[in-house]
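Next come two complexes, and both contain subunit A; in the first it sits with subunit B, in the second with subunit C.
So, the complex of A and B:
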């Protein structure tokens, strides 16, 4: 520093000082608000339980066809040929999910990339895998689940490696005679359904549906709610007034009845259900974002962002949104739980998914109409799964709310 | 006389409220030349900040509306520019720093990310090149170890540091005019002096004009070339800094000087201006200052006719019926291209 410069009261960097590692335990480590909130959220025992359960569900959902499949993983024929009937019968979506899951795990594990970069990479990997798998995969459209069991019994193979649960969710075990409504046993760990399908296999497959319906409908709801609320909150005035009235109209629609009408008139469809749930549950997100934006737009750093000449979208979504999204994220957690419950209710009423798409709610319905008394295993396992899943999301949501809102945290301590 | 950088001409702004329009800025005229520091002085709510915000078109419309006037920046009328065109002016030609350094930076991004975003926008330099510019900008404002500071979040910095960062961000795109809206109000005195010193130094290096909004006459004395005093949304006096401090003409300016505590003066009470600032919804008729003015002495003219800004003496404008020579003076647009020569003398005036 030369003598002509003004005196500057900045502490000189200590010699030998190294910026603390972002992953280190030092309290002074430069860490974004988000990382800190995330860390605090999952420091709570409730959220830890929730996370373990949801990750477990995701694992089951992604790897369901590898964990439970009637097609063996590897088969060695008498002639010495080795092939994999399981791989040949996987759907493109199975490969895509596995690729995406592995990519996410690797990127998260290395922790080298920013959130956005990782997300884009994962999306790209997903799309590419899907396209390749779509070109390569050729699963049997009318699967013969018992084919390999018959051939094994007939002595065609010298050795067979099976999956942990050797039954596909829709395998009705026709080759074994009447296997319907068997209670849990060594052969069928969670029992069988009225059609003779293995319960455990169906439970695993249902994980995927539960997670998908929760995530997709919540994503739709969040995207609509955030954009809508952001516009209302930022503009205010007449736009806000009309926007709020429209929200009230949407909120007045009874969701369950709307879903019933839609399924009755358009038929059963998982995707339609996700979209409809998403389309009616964005209002609370919009309210939260609106309130946050009304507060934020007066703040200095938003004014400063405008004064720097940043375009409107950048001010809205880069500078305001990250500061106002906390309640939406908390709400999303509850939203996932709500969507899973709603799907279960619909399926239980027999208006959800068909018997070929295993879902927990639809299994509950089977427990009711199966006959031959109360088949407890068909009711208890999906029931517990629904309970634990919804409970997990609520625990995570609560923990996130506590972590983000310091006032609430103080009250509780 | 050089070409003026910024000319505000007869600017009138209204805010629509449920109880009728409020006029935060009336008949405002201001001229700023390149490299000049023009101070806009006045108490809270007198329209200083609204004037500044209107230059960058930062006022939300509604409730704000521009009733009349022009704001010429390098010859183009900013009030006629589209939002898109304004965006390329903001930050690039005219930058602004705010009063509250604690809340002027986005808490979720690092310092580096915030500076680089502005640099990328106006200079097309992103990534490594952008960070190099940002690092240089931090170095220019005297932040030690700028490379490390770029990776830090605003909450890890003190108020003075953040104001430096704000200045670095504002100056990273080499603006021709810097609007400093009470840049030192939230800082303690030693940091204030440093920040002002820094602004002076950077101004000299870059021949940048500064519009300094403040209510601190000490800051004005130390920094300004020309001063515009505002009262009740109007410009009541404009002069060079020396002239204004030597011969204040308007009774409001006079009152402001009297209410500065003086070192060594043996007095119990500080002089104050009696009364309070009028509510913009119920401005008095005539001169807006007359209910608080000691010169009025029952003069009906004061309470009926609002005086306009007249050039009472060369390069000294005032709007008061009781200033000698006011009646015969001409109504002209205040334009002062003067730059201060001596800083010590004016400083002494304030402290004397």
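So, the complex of A and C:
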């Protein structure tokens, strides 16, 4: 420190630190309750760990085909032509996910825009990208994964740039002879499966499936649960009575059993599974929202909103919902964990996704059935991935619950 | 409270009916062709043979009725209160059949004598003679209380009841060993960490328990089988089933027999149970331990505990006689609702360890499109689940006089 500088304690430049605003008040800028809760949630080491892992998963899931692909990123042929087989073989959904991820990173990362506006922008970007990509993309429906390896060996290219993991998740490495069930090595970082596919590549692809199933099914469950619970809690009386009986009936059927019946009856499909997990998981949300709305509907501000003559949906969703949604948001974090677990159990039982859709549960099933003996790398890596993901969401959920309900937290400590 | 309990009991049956209805309708509306499952695959030797067979199967299992009717028939069969059904071999049915045959024969003779009708017309005319009761019809002459008829398994071609009778005890034994084991351990560790709250060990235990809670059963089971029951690594535990092949010839207790050591039936059985019980109980253990800690902390902060301490009572007396007893209320009620969750969990565990219990039975039946068998197993799981909820509710009302239900 030079002598010319005044000896004032300068606040250290922490990440996220904001200097006092221009009005000169030393107090922190006013924040909404939600922002406060979010900050408190992620101030905890457990939740921080959870967030890091989930962001990492999202990154792997979004960029899976760019991180692991049998098609090289860039190829320079002997004639001097440069082209990218990888880009030519990406699916529209890949472009969409990447666009959405980048947009979310920019809009929410900077924190300049309001949540709702950003959400709508991101959705719009997603839809537009999907439509454009759908028109432009033309991936090979029956991919020849070994095509470029063969041509490289044949000496057709002067230089080839490959992805970090140069194998697609369903690439059975037919050109290399028997590569089945190799333990982790320098060539195959996490080993290979019984069909000779690279485990790491499959793990990356499975991240995407796990996260999509978690998010989409939880979104569906939350939407159903909130609307159902809101109607029951606000109306009360007969609607409430009948509604609760229906919830009891649905809750009486174990979710796993219900899911098993539907997947066995209507076939295996990723999208069906997302929807069905959502359709069977909404009851707890409905109960929470119902309880909150029963309390809220007697309060003055709701009575006032009704007296002013606002339409029903406005009273329900603009006035009451923001005050009663906290437990639902906490529940959503546990819901994602539950959905991922359900999917893995279903695939493990051999009734979920088929071998073409790599998922962690399906890899564990392969490990259990075993080709030649027990191959630990097929069990341990996906199993630990499920564990870490579920653990992360539970940690985030617990932290969020404590942040939203300080009274509970005091009890627990 | 009595009114509450009665209402709760009365709701049990409609809930069960509603839940089985949902299960039945999903299965009935699915595009799966049960007739194709029931008939042997392949073509037909005689023209029209296959169609006739299909018709017979549809008729026999009542598959040509609309699904709600099929459901009602199934419900009537499995319910202990409902209509009895006339069966082939009942005296009245046989008598009616005999009479019908005689009358039809007489009619044929009569119509032939008249002479002006075609053969098909005569047949049509005689079919009109229908002496009841026919097999399959409701009978009203006997009281409506009967044994439930669970139907016949499509695949195994035998009655569902004995199949379930063999599987249910296996699952229940597993649960009844795993549940007390998990709860006792959980209470001990919960009390321990509540007493040492805030210290490093308590925080460490809390994190570890949360971690254990997140370990998927499918991972633990696979690793257990893969590493501890595998000649490739260490083979100290058996990999499948609940008994060794030689278990039937074993003596019950361990001991030396003919000069060499024999582990005996009991030990052999316990050895097989180790893996499944561990896999069933660990999630419950982690969850319940955290719950015990919370409940105990709540009472430890209460005034009456401070009073007890101020009286100079021994800390152990304060802990167990004053605090722990009062924190038992939430623990008891939650414990009752664990049973159904564990039954569902046993679906996975039984599949991993190849144990022929209810869970595995349900999965196998579902995979084979065995509708009757699956409906019965899932109904039993539903009953277990609802009973668990019911017991939890009743215990809650009984254990805590502050809870009021009559509002």
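Operating definition for what follows: the second predicted complex is superposed on the first by the 380 of 413 C-alpha atoms of A that agree within 3 Å, B and C clash if a C-alpha of one lies under 4 Å from a C-alpha of the other, contacts with A are read in each partner's own complex, and residues count from 1 in each chain.
Assume a contact is a pair of C-beta atoms (placed from the backbone, for glycine too) under 8 Å apart; a residue touches a chain by one contact, two chains touch by 3 or more.
Note that the structure is a prediction, hence the values are computed from the model and not measured.
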item: Partner chain(s) touched by A:299 [first = subunit B, second = subunit C, both, neither]; value: first
item: Partner chain(s) touched by A:368 [first = subunit B, second = subunit C, both, neither]; value: second
item: Which superposed partner A:322 touches (first subunit B, second subunit C, both, neither); value: first
item: Contacts of A:115 with subunit B and subunit C, given as first, second, both or neither; value: neither
item: If touched residues of subunit A are counted for subunit B and for subunit C, the larger one; value: C
item: Set of subunit A residues, in rising order, touched by both subunit B and subunit C; value: none
item: Touching residues (chain side subunit C, partner subunit A) in the complex; value: 11, 14-16, 18-19, 22-23, 26-27, 29-32, 197-198, 207, 210-211, 213-219, 221-223, 225-227, 230, 232-233, 294, 297-298, 340, 343-344, 347-348, 351-352, 362-363, 366-367, 369, 378, 381-382, 385-386, 389
item: Of all residues in subunit A, those that touch subunit B in their complex; value: 5-13, 19, 28, 30-34, 237, 299-301, 303-311, 314, 318-319, 322-323
item: List of subunit A residues in touch with subunit C within their complex; value: 46, 245-246, 248-250, 252-254, 256-258, 260-262, 264-266, 337, 341, 344-345, 348-351, 361, 364, 367-368, 373-374, 376, 379-380, 383-384, 386-387, 390-391, 394-395, 398, 411-413
item: Subunit A-facing residues of subunit B, complex; value: 56, 58, 62, 86-92, 95-96, 98-100, 103-108, 110, 117-118, 121-122, 142-145, 148, 151-153, 156, 160-161, 166, 169-170, 190-191, 194, 197-198, 201
